[in-house]
Amino acid sequence: MSCQLASDSILYANGIYRVVYEIVGVVLPCWVAYAIAGLVFAFILVNAVLLGAAAITWGERRLLGRFQNRVGPNRWGPFGLFQPIADLVKLLTKEDLRPDGSDRVVFSLVPVLMVAPLILMTAVLPFAKNTALASLNVGVLYILAVSSITSVAIFMAGWSSNNRYAMFGAARAVAVLISYEIPVVLSLLGVVMVAASMSLGTIVEAQALPFFLVQPLAFFVFMAGMSAELNRSPFDVAEAESEIIAGYHTEYSGVRFALIQAAEFGGVGVVAAITATLFLGGWSGPWSEYLGWLWFLIKTGIIVFLFIWFRATYPRLRIDQIMAFSWKFLLPLAMVNLIAVTLEVFLLRGDDGVLTVTDLAIMGVVNLAVTVIAIAVFGNLIKERVSFRTRQPQNVVVPGVSTIEVI
Amino acid sequence: MALRAVSGEDLAAAVNQEFPGAVVDFDEVSAWVRPTRINAVAGFLKDSPDHDFQFLNSVSAVDYVEYFDLVYHLTSLKQQSSAVFKARIFGRDNLRAPSVYSVWRGADFQEREIWDLMGIHFEGHPNMKRIMLWEGFEGHPLRKDFL
Amino acid sequence: MTIRTEPMTVNVGPQHPSTHGVFRVRITFDGEDIVEVEPVFGYLHRGTEKLAEERNYVQVVTLTDRLDYTSSMINNQAYCLAVEKLLGVEPPPRAKYLRTLTAELQRIASHLIAVGFFVQELGAFGTPLMYGFRSRERILELFEMLCGARITVSYMRPGGVFADAPRDFWPALNRFLDDFAEEFVEMEQLLLENEILMVRTRGVSPIPPEIAINNSVSGPVLRASGVNWDWRKQEPYDAYDQVEFDVPIGSNWDNYDRFWVRFQEVHQSIRIIKQCIAQIEPGPVRLDLPLVLRPEAGREAYGRVEASKGELAFYLVSDGGISPYRCKIRSPSLINLTVIEHLLVGWKLADMIVSLGSIDINMGEVDR
């Protein structure tokens, strides 16, 4: 007795899943095999996200150390690689505090709600050719929908903590998340339009030329928006540690804090993976197609490095400036990109509806020009709104003392 | 271009001209004014163009057991001069002096500190409460009789 | 439609990551806007003024280290100047130069911390701070060569300094100056024209000169408010009348100017140090004063310096005994805080932290 997946199943394309399903299906009933194969793959994904989060915490601390002329954790294991494990053991053995007057159910639910969407998002990610758990034909839409759950979780954390700093953080986070969702979605529309599909697998295959070259503007908007959605510098107002302690997770400790941290750093990893898939060509790369996972990891690593680099470099913007940046700068840019891509696709697409590499290259050149012009124009527009109050230098005291003045 | 220190004698003469009888005593660096006239003298020294002591360096209190001296160090940024005037308050309990808060905002925390540590209550200060120690602390620790 | 909002009172501090120690402000917010501010001090009050009355004149030097622990050299200097005024003595020239030099090194160290934390509070995660600390570490090593201590130096004494600089000190100082020129330029490139930093600090919380003067604000904050007033120029002490330097002043009176003024002052400090190295001559470094000083009874002295935070002064009164009868400390951090209400009300929570960082308080000095 053996079980066969229907070829139109969304799981069919996944090689690992199919192999496990068919092997288990030899000895067990098909529905058990179906479940076991699913669990095996889910196990891989959960571990990928959580271990990835651990690796990113280590990488971030080491890299920040390098950026800042210090060493970073290097005691525990080779290059301090076991530091996340030590951290986890410490956090697990801490007392699990819940503040007086907090909403017990909501408070306890938050860490789970923070981590779950991340793992759900990985379900549609193609790590290599034919390796997505489910190659959904609405993959992009699915990712956008699932990622929005985080904002609810953050607000729940702020609301239930019974702490004013947490409330500040939650209010800020929700404002930021909602504002940045729109430019992100609009920037992804361009990608979807060129790839003519919402399935992540198809989008990867459509990238004969990586989309960050074809649509630099969309890439810029997407990265900025994702920085904001991840609460990363320079948009990290929701957990601005110098202002509101730790923002929405001020009151979390012990294992709950560990889960929230895992969600934060795992979020960086997952978003980097999504960015690599959508803009950097995912698993596609030279040499063997079996090296797809390596290209995918390298590209994800590059994006993670970018996020860490931002964090080490930029100061934070104020909340009103962040909102202005989203609505007055990123949104118009996303619109410009959308219009440009629409026109280009309409003009360049052949009768068969396919864009060749030459078409993509032409689009890339045109879009680069559009990017430069649009950023210059809207950058200058927004600059006027944050004009400085400038007065004449005024010496209250005696002449005779030499001074230098602000130019 | 060192600062010109206005001598106690000059200061006393100038203040006496404006408010006869306000000055009790003077020596070479400072002049003592009547505690009740502190506010008027301070306003005069700050606003009169001849003196223009816009900048209050510090307000100190010194406990001499029989009396307290309040010491005001002033600087005029325009005139490049400095001056010191003092006020002598006799007694140990329930001491009161007019606040110069309305003349120099900079006296705010220093007067509160004097109240906290020396026990001189400044009248006219909008927020006269302890600053370093907690409310309900007994005594004023910088006094000589506090052990 | 208007939404009814309620003001929310938050205690910022005493355990808050960016209140520079155990400072607490009770702030009433309307949304993110600040409506009311009330500073609360005293968490680090150690009664330095009372302790000074129990120690003899030389021993008090160790207490001054612990006032503003980021600029202990300058605190030593202020106290020693006050005692010297009280005694009517002057230290030998070499001691004057050594004092000027160490005080300027300390000013650099203190300003590096100030700008580092200022940008840290803007949300730049650690990088500028660590850049500052890298150079500050070298300065502390120089202090270690001078007196064996890094923070609580107690290097100066009434009538001079504790000891002459060791022979290794001068080459080490020159090496530091060479490296620091590079390191500081790196920091300037990173920060001074950073777009986000400009947007965050330009035009935020300006202090007009009238208000600054009326609030007795001093130091870099006063100069950033456009007032050209530096005690090193106005009332030169030690070797400051022998060296040339400029006084940077701000023209916009805002947070950026306070930040910028500190950067420029570091440049001026380097100038002063270089002149000191060129001018210093061999000679004694300490007056031959008795171990236990007994100034004349009834004398008083107001010794002030331009410390890294502002005008630091010791008002000493003598009763002829071996310890000061009264030792009042005019601490710049505390008095600069007078302006806090003007500085914060009407601005946002995020600006509040930055403005607090821009006046650069140090709780050791505020609470004393």
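Letters A, B and C mark the chains as written, and numbering starts fresh at 1 in each.
The rule we apply is simple: contacts are C-beta pairs under 8 Å (C-beta built on N, C-alpha and C of every residue); 3 or more make two chains touch, one makes a residue touch a chain.
All values reported here derive from a predicted model rather than from experimental measurement.
By number of C-beta pairs in contact, A-C leads over the other of B-C and A-C.
Each chain gets a centre from the mean of its Cα atoms; the one farthest from the centre of chain A is B. Of all chains shown, C has the CA centroid lying nearest to the centroid of every protein CA atom.
Averaging Cα coordinates per chain places chain A and chain B 62 Å apart. One inter-chain figure worth recording: chain B and chain C are separated by 25 Å, centre to centre, where each centre is the mean of the chain's CA atoms. Chain centres here are Cα averages; for chain A and chain C they lie 43 Å apart.
Of all residues in chain C, those touching 2 or more other chains are 213, 227, 229, 233, listed in ascending order. Residue positions 396-398 of chain A are each in touch with at least two other chains. Shared interface positions of chain B, i.e. residues touching 2 or more other chains, are given as 1, 77, 80. By the touch criterion given at the top, residues 8, 10, 16-18, 32, 119-127, 129-131, 134, 194, 196-200, 202-203, 206, 209, 213, 226-230, 233, 246-254, 257, 260, 264, 348-351, 353 of chain C touch chain A in their complex. Those residues of chain C lying in contact with chain B across their complex are 41-42, 45, 47, 49-50, 211, 213-217, 227, 229, 233-236, 300, 302, 304, 311, 313, 315, 317, 325-326, 328, 330, 334-335, 337-339, 367-368. Across the complex, chain A meets chain C through its residues 64, 67-70, 164-165, 168, 233-234, 236-237, 240-245, 311-321, 386, 388-398, 401-406. Across the interface of their complex, chain C is touched by residues 1-3, 29, 54-58, 60-63, 71, 73, 77, 80, 84, 104-110, 113, 117, 130-134, 141-142 of chain B.
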